[in-house]
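Letters A, B, C and D name the chains as they come in the text, with residue numbers starting at 1 for each one.
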C-alpha cells in the first residue's frame, strides 16, 4: 500500500482506488449540477468495476446514463455538451477504445478553445482504463497516453494511488479543458488514505515518493507501484532510489524531476506504455536538454516494442516488473557488480496477479 | 534544390516530388498487379495535386478508384484486401484525417501480423499529406507521425525530396507491413534527380546530407529542407552543421545520428510536428541514453505547442524556419556571440511561400 | 396539432439572401489580392438552405455548420465585421485570427464553431442539444452538413442517439451532389437517404427545387414541434447547387467534371433573384443599398483592424 | 431465377451444433482451473446462427467474426486443437499464443482473425470481398457481428461501400438484444434494422426464432446469388439468445439484468436439441461420441503442448 498523504486531515480513511474514483465524481456531482457521467456500461450492475456504482441511483438517469456503442459520436456529444456549459465525464472501459474517438479528441476537443479564439471552453473528462494480465492481449492492454501528450490543448493525468485518483478526478472535473484520465485496472483494488472531503491534486505537480541519492526513478501510473516495490528490493542492497510520480503527464512537472536528477545524476523512467515517442522519451529529452553539462545516465523501460501477447509466458516478458526494474537500476548504479533480486523476495514484491474471469 | 543522388545512373533526370510519387506508384502497379490505389479524390482532375494523375487511365477503374467519405471503413477495407493478398495504397489528402482511422491503424493494421501469430500479412501503404501555410489552420496542418511511431508494427516514412519520394514509395509498396507514408505539401513542387528505373530507399537508413564538425542537425520531412537552408546561412559565418535526414522514422536509424553526434558533440532535431512525445523526443532520448559519458548539448525545434493558427502573423511564429533554425544553432555552438542571420539573406533562404487558393 | 408558423417577411428573407450572395461575391473579388489568406468554400447558389432554415429560428437557437459556413453564419445573424476580419486573419476576427474561414464561430449569436473535418460537427450539435433539452426552454439546434457528411459513420451514430433521446435537433443536409469533384453516384449506393433516416423514427423531408419558402415552412414546422417538447429530431434534405469551385472562388466549369448547362438550370431558379422579384422595386433597392453598406463597412473594418500580436500565438491553448 | 440449394444433411448440421455446444461447455468446465487465461465470450445458445450460415459455405469461402467467435470458428471448420491450444496460451495455438480467445484465426480454413474491438472486423471482411470480386471465382465472405456492432458508424460506411461495389458479402447480425448487460432498448432508437439496411439496396431478412434451417436456407439463397456474380451483398438479422454471461462462463441470471424465464423460453427452442431429435438415436449417439473424442483430443493436445519460447515475444512484430 502506497499512501501519499497519510498524515493529512482527520477525515482520512483507507479507500480503494476504485472507490476513490467514485467518490471524487460523486463529490463533484453533488457540488455542481452541470457534471454528468455517461458511457457504455456506466449504469449496469458491474458499474465499470464499481467505479460508477450507485451514481445513477443518487443522481438520476439524466445525469448518469448508458450509451449506444458509438464512441466517435459520443465524444462529439461530450464536446457539444461541454461547449453548452455542462461538464461531461465520458467513460471508456478500455483505453484502446479511445482510438475510435481520436478525431473528436485531437481535431476538436483539444483545439476548440484555441481555434475559436477563446470563445468556447471544453471542460470534459475522458476516463479510460488500461487493462493488464490474464490474457487480455493486443487490444485490451494499451497505455496510449503519449498519443494525447503529443497534442496541445489536452491535459493528461495518470494517478497511481487512491488518494490521487480522487484528487485528480476532482481537479480534472473542475478543469476548463479536456482531460484524458488514465486509470490502471490493477490499481483499482489498491488502497490509500484519502480525505473524505473534496480536494484536488492539481495539474503540473509531481511528487517525490521516496528520497534517494543514487538514482531518480520516474514511474508512470501502475508502474509507479512497481517502482516502489523495486525501491524496496534495492534498499536491501543499499541502493537508494528517489522514486517520483509525475501524476500529471500534461502539463508535466519536469522541474521536480530535474531537481532530483541534478542530485542523483541518474535517471530511469518506467512507463506503462511503449517507449518510442512515449512519456518516457519526453521526460528523458527534457532532462537531456537541461543537464548536458553534467553527465547523467538515462534509461527507459516500458512495454516491449511488440503487440501485447496473451500467453502468460510472453505476457511476463512484455511488461516491466519490480525485479526487472530493480535489476536495471542496479546495473545503472553499480555496473561493475552483477546482481539480480532474489527470486522469492521479488515474487513477494509483485503485485497481486489479477485472476480471471473478469 | 536538394538532390541526394545526383551522380547516380544515367537515367536520372530532374523530377518534381509530386511526379516522383506518381512514378513510384506507377512503376509498382506495372510490375505487380496486386497493387491498387484508392481514396477520396484520387481520380478527379486535381488528382491529389497531380500525384495520382493518369493512374486510372493507365490501370483502369478496378485498380484506381474514388471512395465515399468513410475513412474508418476504407482503412478496414485496405486491411482486408491486404490480408487477401492485394497491396492497397490508401490516399488521404490531409494527415489530419488519419484521426478518423486510428482504430483500424492502431488496433488492427499494426497488430494483425502479431496477434494472428504470423498467419496474415498486411502490406498496405497509407499516403497522407501535411498541409502548411496560407491559413490552412488547425485541422489541415498537423504532422502526426509521432502517433504512429509510438505503435509497434507500423512503419513510418517521411521523404524530404523527390528522389526519396520515389524510392521510399517503392520500398513501402514492397514492404509486407503497413507503412504510414508522410508527405509534405510544400515539398510537392521541389525537384531532385531521380532514376527512371524502379529503385528503393530502404527502411532503417538515414542519410548524412552535409558533412560538418560543429553540430548535428536532424530535419524531419520538410524541415530537412529548412535545415539545409539554415546550413547555408550558417556556413557563411563559419559554422559547419552536419545535416541528417532520417528518412524512415520507424524503424529509425539512430546509429547514423549517433555517429555524427559523437563527432560534433551537439544535436538539434527539427521536426515538422509538435515536440512533446514527438520524433524529436525519441531521437534525443536515444542519443541521451547512449552518450551520457560525453557531454552532448541537445535541443529540439518543432511546431509551437499550440494549435496551428491561420493568421499569417501567428503562422509565422508557429513554424520553425531557416532563420530560426540558424539562430538556434548559432546559440548552441557559439553561445557567447549573439547572432541572427541577415534578414534579407534569410528571406532568400525561405521556401517559396505557397499562394492560395488551393 | 396545427402549428402556427409566423408569416413570411419577404424583406427579411431577401435581405439575408442578398447579404450572403453579395458578401461572398465580395470575398471572391478580394481573394486574388491575397489579403484573405484562408481557403474559402463559398455557398453562392446554396443560400436558400441556410436562409430558409434560419428564418424561423429564435436568436437563442443554435446552429452548427461546416467549413462551408459563411452562409449559415450570416443567416443566423453572425457578426459580419468579425467574419471579414477573420478571413483577413485579424485580431478582431470572430476567432481572433485563430480560426480562419473554416472555423467561423459566434457564440453571442449561438453559432457553433465550424470544422474542416467533414461530419465532425454533427455530434457536437447533438451534444449541445443534450444541454438544451435539460434546460427545457424550447431552444433548438440546427445541424447543417453536406451530402458527403452522410457517408461518415458518425452521422448514423448521431441520428441514433438524437432519436433515442428525442433531442431538439433539426438535421439539414445540403445535397449539392458533389463532394469536392466526386459525384454522388460514386459515393452513395442509393439515393434513399430520407427513407434511411426515417428508420430511426426521425421524420424526414426532401426539397428538390431549393425553394426557400418550402424549406422555411418545413423547418418552421419541425422546430415548432421541438419547442413544445412534443417531437424529437427532424431531418430535411435540400437539393442545391454550388455555383463556384469547391474551394476558392473560380467558376470551374471548364475543369470538366460538370457542365455549365447544369449551372444555367439552377440559375434559372435562383432564389435570391426570385425572392427579390417579389418585393417592390423601391423596397428592394433600399435593402440592396443597406446590404452594400454593411458589407463595405465590414471590409473596411477588416482592412483597418490590426493583426494579432505575435504573442497571441500562445494564448488560448488552455482555458482558465 | 430459381436457385438450387443442396439438401440439408441433418447429421452434418447436428455434428456442428453439438461440437460447438460441447466444446464451449468443456471450456466452461476447465475455466475455473485457470489454465485458460483468456477472457472467453461463449456462444452457448447462439450456435444455430453460425452453423446455419456456414453450412452452405464452400471450404474456400471466408468468414469473419467477433471476440465471440468460438462458434463461427468451429462452424467454418477451424482447427479444434489449435483453438484449444490458443485458449491455453500454447505455441501450437491458432495464433501461437499471441491472440487468445478474442483473436482466433485460421487462414487455412479462411477464418479471418477476430477482434476485441466491436465492429472493427466488418470493413475488413468487405476488404477481403474486394479481392474475391476481382478474383471472380464465386467465393463469398460472411461477416458475423452482434447487435451492438450495428451502432458503430463503421457498420453503415461498410454497408454503403459493399452495396456500391456489389461485393459478395453476407452480413449476419446475431441479435441477442444485449451489449454486455445493456438491453437493446437503451441503445437502438427503433428496431428497424432490416428496413435501414434495405435503403442501401441490400436485401435484408429477419429470422426471429433462431430456426437453424431457416437461417441456412436464407444464407444459401443469398450466397448462391453472389456466387454467380448476379447479386451484391445481402443481410440477415438473426434473433438469438446468449445463455451464459457476457464474458466468462457463469449463468448470470441472479445478477438482475435479465430473467431466467427468458432463458427457459429460448431453451425450449434449443436448436441443438431439436436437430439432434431429428436423427435416429444410434446415428445421434455415434455423432455425439465422435464429438466427445474430438474435443477430448483437442484438450489433451492443448494440455500437452509447450508454451511459446519467451523469445517468441519479439517475433512477428514485422512480416518479411
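Methods note: a residue touches a chain if its C-beta (ideal position, glycine included) is under 8 Å from a C-beta of that chain, and two chains touch if they have at least 3 such contacts.
Nothing here was measured: the structure is a model prediction, and the numbers come from that model.
Set against the Cα centre of chain B, the chain with the most distant centre is D. Our note on geometry: chain A versus chain D, Cα centroid distance of 36 Å, whole angstroms.
Centre-to-centre spacing of chain A and chain B amounts to 32 Å, using the average Cα coordinate of each chain.
Chain C and chain D have Cα centroids lying 45 Å from one another. Chain geometry summary: the mean Cα position of chain A and that of chain C are 42 Å apart.
Across the assembly, chain A contributes residues 67-68, 70, 72-73, 96, 99-100, 103, 107, 114-115, 137-139, 152-153, 305-307, 309 that each touch 2 or more other chains. Multi-chain contact residues, meaning those touching two or more other chains, occur in chain C at positions 93, 97-99, 103, 115, 117, 151-154, 157, 160-161, 164, 186-188, 317.
Chain contacts in this assembly form a complete graph, since each chain touches every other chain. Of all residues in chain C, only 151-157, 159-161, 163-164, 186-190, 192-193, 195-196, 199-202 touch chain D in the complex they form. Residues of chain D touching chain A in their complex: 31, 34, 37-40, 89-91, 93, 97-103, 115-119, 148-149, 151-153, 179-182, 186-188, 247-249, 255-257, 307-308, 310, 312-314, 317. Taken in their complex, chain C has these residues touching chain A: 93-99, 103, 105-107, 112-113, 115, 117, 120-132, 134, 153-154, 157-158, 160-161, 164, 315-320.
Interface residues of chain A facing chain C in the complex, by the touch rule stated above, are 62, 67-68, 70, 72-86, 88, 103-104, 107-108, 112-123, 152-153, 155, 175-177.
Across the complex, chain C is touched by residues 40-41, 44-46, 66-73, 96-97, 99-100, 134-140, 304-307, 309-314, 316-318, 355-358 of chain B.
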